[in-house]
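The chains carry the letters A, B and C, assigned in the order they are written, with residues numbered from 1 in each.
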Amino acid sequence: MWRIIPKEEKFFNMFQVQADHVVKSARALVEILENYSIETLDAKAAEIRTLEHEGDILTHDIIRKLNQTFVTPFDREDIYSLASRLDDVLDLMEGTVNRMKMYKIQKVTPELITIAKIVLQSSEEIARAMGKMHEISHIADHCIEINRLENEADLVTRQIIAHLFENSKDPIEIIKWKELYEYLELATDKCEDVANILEGIMLKNA
Amino acid sequence: MWRIIPKEEKFFNMFQVQADHVVKSARALVEILENYSIETLDAKAAEIRTLEHEGDILTHDIIRKLNQTFVTPFDREDIYSLASRLDDVLDLMEGTVNRMKMYKIQKVTPELITIAKIVLQSSEEIARAMGKMHEISHIADHCIEINRLENEADLVTRQIIAHLFENSKDPIEIIKWKELYEYLELATDKCEDVANILEGIMLKNA
Amino acid sequence: MWRIIPKEEKFFNMFQVQADHVVKSARALVEILENYSIETLDAKAAEIRTLEHEGDILTHDIIRKLNQTFVTPFDREDIYSLASRLDDVLDLMEGTVNRMKMYKIQKVTPELITIAKIVLQSSEEIARAMGKMHEISHIADHCIEINRLENEADLVTRQIIAHLFENSKDPIEIIKWKELYEYLELATDKCEDVANILEGIMLKNA
């Protein structure tokens, strides 16, 4: 029953673990926003901070392994970019809660929850794609969906900011909320980068 | 009369088509700004959106071809970066009209037209350089001019924003216009990136 | 007494010179801020502008040499990234003084000096690491310290901006200072990128 695990398995496995970190962090973020209170923000954000920290260590592990491995399952650069973009998604979610604390946000808008939910959907698609990296041709649908979600987030965020400028006359509120919306929307851009890298890997191995 | 078209020809040709998209979009942008009205913005912006969309498809085609080609005329990475930066220029021009709509801009400032005209000049230099990629040593002058235009845009934009802060006392107006100026100016940075990649290609093939 | 200087020596040497530019610029910036007056800003900023300009030429020289060298001491990409990120640090310091002029800053806050001093510390660590590139295993401690300084800058900047929003009720002041703080803090991010590239080189050569 002894089985040789080829090197690439370890990379696959590491990326799956990282995608799980991303999904867990996105779920924690949606939960924080849906039941928001400034008093509990710091305590609740601890999970997101832990996931970001664990993700950071894993990113370093992937890059260390990459630097020590002669033969990799995919192009070295793709592995490097994939690890970096997943790390970016984790950073952006932690950055969002950090900014909410920094701006002493008292009440969350439904608009921020809307964007967070798109980030969660994108994260789940990434995790599904990562689960199919052994049969890479099966990931195409997930990549298409991640691209669609990015377009949706882009459009929705522009409408949200347009409303913000129409309805708020307080420039300081505009500065804070514009940044929160744009910052969290960036996470869907990074998810799209992940999808594009996966598509590239798929094509190279077609 | 039968002629073998080497693979690289297709890359050259694709980049020329993409540079044409960029020039057409920059021309459309200048035209929109010079004859601006919020009522016609959406209809007029359609051309820029179409060019961005066609550019997007072409970028994907270039990268797909790159992933399926063993021998490329230049370094794979240079082709990838070149395609990505040209795509960025198209995105930034579309993003500018999107932001004008988002901010319900009623009247365009001459300052925004000034920046748009520098973007147009840079785009035209890129198209000229792309037309000479078979004899890559001839592109140096265009690259120098693109670098000069980026410096000019940088300086001009700083002066424009300095005036904005001096002359406007409305913070919400400042937020909107500062972003529009800076955002469009970014297009000249991406043009400079294109020039630098072309220069690198030139040196490697010297 | 005749000695062959291998090619890599020239790269080592160029990076050391560039790191010196960075340290000198950071020192000049701290000096400008500690003895600030809007009247002398332009004259005093000349040194930072000169260092940025010399750094620009050196960056081009490194990339030119890279494009003409078949065998490099490290991966080509690492050399390219290292040159680009050091160039970014110089750009960000020049950009900071440019923005102070643009915003007609009359009086510097102690908070901006705090961030500038962290940038200076990071720069000095980079210079120390660069001095040990022949024995690359010795640079680890410097890289760890640069990462620590980036975390510190991140946390400090968030506290500074939180205070800015609490204590200032003038949105235009908030826009100016928020940008200055965040912009200069970016320099520590680029220093961290430098450290990460150096760590990667170290691992590949372990």
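Everything that follows uses one rule, which is that a residue touches a chain if its C-beta (ideal position, glycine included) is under 8 Å from a C-beta of that chain, and two chains touch if they have at least 3 such contacts.
Note that this is a predicted model, so its numbers are computed, not measured.
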Going by the touch rule set out above, what shape does the chain contact graph take here: line, ring, star, complete or other? complete
Mind checking the rotation angle between the two copies, chain A and chain C? C-alpha superposition, nearest 5 degrees is fine. 120
Residue numbers at the chain A-chain B interface: does the shared fraction exceed half, giving same, or fall under half, giving different? different
Counting in whole Å, what is the centre-to-centre distance of chain A and chain B, each centre being its mean C-alpha position? 28
Which residues belonging to chain B are in contact with no fewer than two other chains? 171, 175
Spell out the residues on chain C that touch chain A in their complex, using ranges where they run on. 77, 158, 161-162, 165-166, 169, 171, 174-175, 178, 200, 203-204, 206
Which of the residues in chain C end up touching chain B in this complex? 63-64, 67-68, 77, 98, 101-104, 171-172, 175-176
